[in-house]
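Following: one structure in structure tokens, then a few remarks.
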Amino acid sequence: MELKVTNAQRAEILTQALPYIQQYYGKIVVVKYGGNAMINEELKQQVMEDIVLLHLIGVKVVVVHGGGPEISDMLKKIGKESVFLDGLRVTDKETVDIVQMILAGKINKNLVSLIEQKGGKAMGISGIDGHMIEAEMKDERYGYVGTITKVNTEPVCDLIEKGYIPIVSTVGCDMEGNTYNINADTAAAFIAGALKAERLISMTDITGVLRDKDDPDSVIHCMDIAEAKTLFADGIICGGMIPKVECCIEAINMGVERVTILDGRVPHALLLETLTDEGAGTMVIRDKSEAGL
Amino acid sequence: MELKVTNAQRAEILTQALPYIQQYYGKIVVVKYGGNAMINEELKQQVMEDIVLLHLIGVKVVVVHGGGPEISDMLKKIGKESVFLDGLRVTDKETVDIVQMILAGKINKNLVSLIEQKGGKAMGISGIDGHMIEAEMKDERYGYVGTITKVNTEPVCDLIEKGYIPIVSTVGCDMEGNTYNINADTAAAFIAGALKAERLISMTDITGVLRDKDDPDSVIHCMDIAEAKTLFADGIICGGMIPKVECCIEAINMGVERVTILDGRVPHALLLETLTDEGAGTMVIRDKSEAGL
Amino acid sequence: MELKVTNAQRAEILTQALPYIQQYYGKIVVVKYGGNAMINEELKQQVMEDIVLLHLIGVKVVVVHGGGPEISDMLKKIGKESVFLDGLRVTDKETVDIVQMILAGKINKNLVSLIEQKGGKAMGISGIDGHMIEAEMKDERYGYVGTITKVNTEPVCDLIEKGYIPIVSTVGCDMEGNTYNINADTAAAFIAGALKAERLISMTDITGVLRDKDDPDSVIHCMDIAEAKTLFADGIICGGMIPKVECCIEAINMGVERVTILDGRVPHALLLETLTDEGAGTMVIRDKSEAGL
Amino acid sequence: MELKVTNAQRAEILTQALPYIQQYYGKIVVVKYGGNAMINEELKQQVMEDIVLLHLIGVKVVVVHGGGPEISDMLKKIGKESVFLDGLRVTDKETVDIVQMILAGKINKNLVSLIEQKGGKAMGISGIDGHMIEAEMKDERYGYVGTITKVNTEPVCDLIEKGYIPIVSTVGCDMEGNTYNINADTAAAFIAGALKAERLISMTDITGVLRDKDDPDSVIHCMDIAEAKTLFADGIICGGMIPKVECCIEAINMGVERVTILDGRVPHALLLETLTDEGAGTMVIRDKSEAGL
Amino acid sequence: MELKVTNAQRAEILTQALPYIQQYYGKIVVVKYGGNAMINEELKQQVMEDIVLLHLIGVKVVVVHGGGPEISDMLKKIGKESVFLDGLRVTDKETVDIVQMILAGKINKNLVSLIEQKGGKAMGISGIDGHMIEAEMKDERYGYVGTITKVNTEPVCDLIEKGYIPIVSTVGCDMEGNTYNINADTAAAFIAGALKAERLISMTDITGVLRDKDDPDSVIHCMDIAEAKTLFADGIICGGMIPKVECCIEAINMGVERVTILDGRVPHALLLETLTDEGAGTMVIRDKSEAGL
Amino acid sequence: MELKVTNAQRAEILTQALPYIQQYYGKIVVVKYGGNAMINEELKQQVMEDIVLLHLIGVKVVVVHGGGPEISDMLKKIGKESVFLDGLRVTDKETVDIVQMILAGKINKNLVSLIEQKGGKAMGISGIDGHMIEAEMKDERYGYVGTITKVNTEPVCDLIEKGYIPIVSTVGCDMEGNTYNINADTAAAFIAGALKAERLISMTDITGVLRDKDDPDSVIHCMDIAEAKTLFADGIICGGMIPKVECCIEAINMGVERVTILDGRVPHALLLETLTDEGAGTMVIRDKSEAGL
């Protein structure tokens, strides 16, 4: 994108963001970031810039990230064969160790580092720190795949209060010292819910929920819970979109105002979503009529 | 200005402001506003928007305003003839009452109201409130024209701490209950100096200091104190520009980092000056070589 | 009053005020001051002394003032003819500008100045500052005569917390930037009510409510709401006293403990009312039987 | 004293105290109280009233008390014979136990109780609490007569911060758990010095320092340290007055602004001294010329 | 007890206390101390050490003490004959003065001193200070024997907040300035109840409640309120144990979690009770089944 | 160790720790933990218990950990051959990634988890978080082996203030987003120095500095800097001990009071070192004569 605007236009544009800034001032926005949305390096840089900017203008941004391909890469590197059961990776002790290392040691710290390069002040924690994400085994057959039993918001709130952008990697723990691999979408929904966040923005590498999966222009810009249920029933929400939309609904039921499945491939999608009247992806709200839509 | 930018470009532009926002975050910027710079209603709206935006992104903006034509208008209305001596309006008791009313009652509250319409939180005070601007008579022949003897920063700091944008009208007071008309440029310089402000931005309706007064393109973008002295000696700084530049130097000597005589006729000049690499007008600094310029 | 007391007697008198001081320590007392009560300069000085003294001994005094003759004087000065409708001044834009200037610019700052001369620490604000008094047009026929829609107590509380005596001028505002002339008695009642003040003291230049309007000795020292209603019905409360007593009742209904219509012509009437067993004027309470009277 | 003043005069008198109240607002005043000044019950009630009043109007009063006749009475009661050496009571273990009981258990708590009856909020501590007054034996021959080695102001400051009037009984302690009888004048001087008090007022039952010991009208109202030294040399300061004036000088040398030996037999002497232009007794200051006297 | 443990064992033992420390961290524990439990000097030293240790490891210890034999000793010393009525000492004015002196002046300060010798930071107050224990006469026939009408916890909480171990002597007061002798067990129960303490530990010189009063091995280690009632009915709780157990029940009814009548003759009984799985004495709880016992 | 002590002895032992607890109360103790000292699982559990205990009794413990054999294991697993130069592992980008993952993702979180299992509240951060450890390349030939340029203590202090035990993994960062492998002993010394810690305790798996390297009984219990220099010169401090002792001296020069090279193979060595009069290893202090040794 070649951008030719005068500084006068820059200033004009900044002031047009004013009502949006006022709307989010002091509010908590949880950004779920991960998977394929993390792959493009230039986009990653932009996401970090957007987060630092939102933080500076008074939004309390919390980043929750998952892993993506780096886990598989490392497992491959050490010659560990991946076994899947019901679509879930069977996670033995050695695997969960790798998951923890990649999430809490590599991706987490790299995100912290990127944010600091953009001038932000970040601290990276995992669900183990301050016993933030308590979990238990979903099913013994899957090994250390965890179900969240409790989210303790204190560590995140402590960091926000001290002026840091909290970057949370989604591994869970229990009182016996076990680590669990937690689905990042679920973790983000639980964390946003426990924080009673204003918004949960889930950054993906897709266009959003499509009414016709073959037509990228058929994206559903906004749906409420009732509509989502119909779309589930009609098979329009299908495949990998099912758990994503379910997480959205779960977050709303736990008290989040609005949840967006955001197309992270759009440059500065985060700012577009929060500081302009445009959005890329699908927003889920509790009840359209109640929201006057 | 017809502005056609996509939202993507908006977002891009917002992130480009990031380093500037970081530079001013938590810093005090005193904006002197008044006189002819206040006349154009559309520009006034923009100045207010700019101030609210700067406040929201963490800049501690303090507005210091003078009066301008409204004082003369009101004096004319009540049939009071204006007498001038050495270029100063001879200010008897009735005149200083009108000055106080117009500054503290009309202009001050109108600015507060404008800022609140833009979503800001402002409180308007005068140099009398909290005994902020202590003054004495400059010369009996001029009547209640005051010289500042002391600036008490507590009222302004109290308001900043409580989250308000302080709007200060430049009347002074003494322990006997007299009110004095204070030159707004001088007052702004003293207040910025007492606050050890990062910047003093004096909004005017001129292009800045011109090397050739007939050539608007000959504006001097930056000068230091030594250069200013030469320009005074050479008669290049002349007329109404003399006291303005003297105020700039005074403010720097009292501890302000940088002072700008800003051309307020440029739309969003305040944002341009603080959040882009462009400026409109003349900046004065202590020492160019020391600043690496 | 020629006062010949020994210092020993002074000390004795100070200690006799002890139980009264304890009663008001830390409590909010709203003093409505204005109109004819402001005219006598010596009395004005005493009122200010009383306010500073009350502030020093731990009472949270809030002064709410109206305008009085100075508005009419200024309107006359600029040759504006006053039109009245249903007893209210028809207030066009030019008139409300004058009202704002006189209230917020002249009277307000003069009161601040007087208090500071007595050693107090005051800050003068209007209903516009911090959007304190939100209002709307009462009736288009009257122009900018306002009805209060909401009182935001934050600005007053912020000033009290920072150690200032807040001096409030009674102009209101709306979100469109209009200013409204607000009846000062009503404003004081709403502010006292919103602050859940211990007391509202309305300083007037009359003796109080008289049982026989021609007999100044027939003053009713205390009435409750039920009695007031009977007195309204019997026509004993009449003329200008009607809205005053209605304001008292409104304040009580909004949560003020006691309201007094105080004869401000009595020297140090404020201190007499608060720090002695004597009062000058008429006190209104919710229910005499409930108060054990 | 039969006092016939109107309430109007009361109010007038209260406002005349205004400048005095402003002078002491927020300042620490240490009142040494004890000995014969405590005997008259009516005067004691007045002293307590004065202290509560001073506390309420913002003075940080600290009361330091000694013992007086009650110690001798109790020793007599238990049949303990008093032995004196160099004018000091030889204080064996049993005696110092009695001293501690009377001071910390009887007089201290009775003063606390009196202040609370007057509506004040007091807490009584001894030099043992929080290890406030550290002491060592003056001379083995005198037994548990102590010399102050250190005053820890933290306990007093903690109580002031929590809103209590601290009442301090003058027993000292050491790290071995011994209790020492401390001269109350000395303790008060050390405490006032350590607190950098604005004033130390030592309440006695005498007229002050007399130029002619047989002429009660020859009281010296004010002296500075240099003058005191001459008066010592000339034998005019003599007898029991010597240690009292020495304590005054010591307190001044430790940083107290002004010290007064006050005639506690004068009703409300404390208020007279602080809130009027009259004083009863002798004031000691550092240097008259420096104070402009 | 000759103790031969290696330092390695010391360390091991310290870590075994960890779960107990965690259980009481930040909790309020009221220790009633007095009477015969105070007599043995070595045990007293140990109790003080235990209190300082508990304080250091984060327990909020409040010590409430009574008097014991020292009151009788002093009364005997001054030749005052003790008269008893219904088992209560008839307390005339002279007697209550002695009680106040011994409790608030002697025992209280001696405990403060002991704690400070062990390195603790203590402040000793009585029920008079800050009007903590308000009381009234139980029956005129007993004189100044008091019944508690109200416990004001503010003084104790203020001291805890400032880091002191509060040591409270159990004399009560009323608004007329009278002092009352208050039963220390009752006072401790009321104070623990008003503080909603985690535990009340009453240190005695007995083994606890015995099922067979002649068999010291028949101690009842734990009982709930229902059981206590049966034991009262069966006459097993008898004599001096009756009021003690009644106090325990009262404290539980006011909100204390657990109450223990502790055998203070056991060395470091306090630490045993709180930091090991062993206890010496009888614990009373609300309901065994509810507690899972 | 079979330990047979009675609870009475336990209590006795707890109180004997009192003076040690008081000595460290509120002080910062940095514990460097890593390498071989981490291998024995039972010892690791004990170290964690010791840390939680120290934290609970008021010591501000900061844990700084390195890596040890797990880094080599992982490198071996992924088939990366280790190249050494001047005794330092040549660290290319892939290697430093593994280092970061193991340190910040595996070891760090495992330590956090262990501490939480013991009931502590911990948060694990790396030198990247909050830009805590700023570093630069030591020498291009070694790759990403870093030299510390600055330690920012804010993140550690923020966590302490919020009640967490900070667990710091020693990777450094620069403004370009590079990660550096930092020697853990050096990092611990710099962090302790920047925090002005009371103590730095470096846990190792050796006996301490030996006077005769073949005689484990020849351990030097205490040395000062001057002695250390002689021991360097004499070749007594040699091999791997050289950098360790150099770190000790560096820490002392940066302001740490005392540094200990502690034999972590001794059970509960940390508690022995801090809470008893025994120590295992070698203590280094600034100056023996100054310390009175």
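Letters A, B, C, D, E and F mark the chains in the order given here, with residues in each chain numbered from 1 onward.
In the analysis below, a residue touches a chain if its C-beta (ideal position, glycine included) is under 8 Å from a C-beta of that chain, and two chains touch if they have at least 3 such contacts.
It should be emphasised that the depicted structure is a prediction, and the values quoted were computed from it without experimental measurement.
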Counterpart interface for B-C, drawn from C-D, D-E or E-F and sharing over half of its contact pairs: D-E
Expressed in whole Å, how far the mean CA point of chain A lies from that of chain F is 36
Need the CA-centroid distance for the pair chain A / chain D, whole Å please. 68
Between chain C and chain E, what is the separation of their C-alpha centroids in Å? 56
Would you mind giving the ring's chain order, read from chain C onward, with chain D coming straight after? C, D, E, F, A, B
Chain F residues within the chain A interface of the complex: 74, 77-79, 97, 100-106, 108-109, 112-114, 116-117, 121-126, 128-131, 155, 158, 161-162, 164, 171, 173, 175-177, 179
Residues of chain D defined as touching chain C within the complex: 1, 3, 5, 7-19, 21-22, 25, 46, 49-50, 52-53, 56-58, 118-119, 266-268, 271-272, 275-278
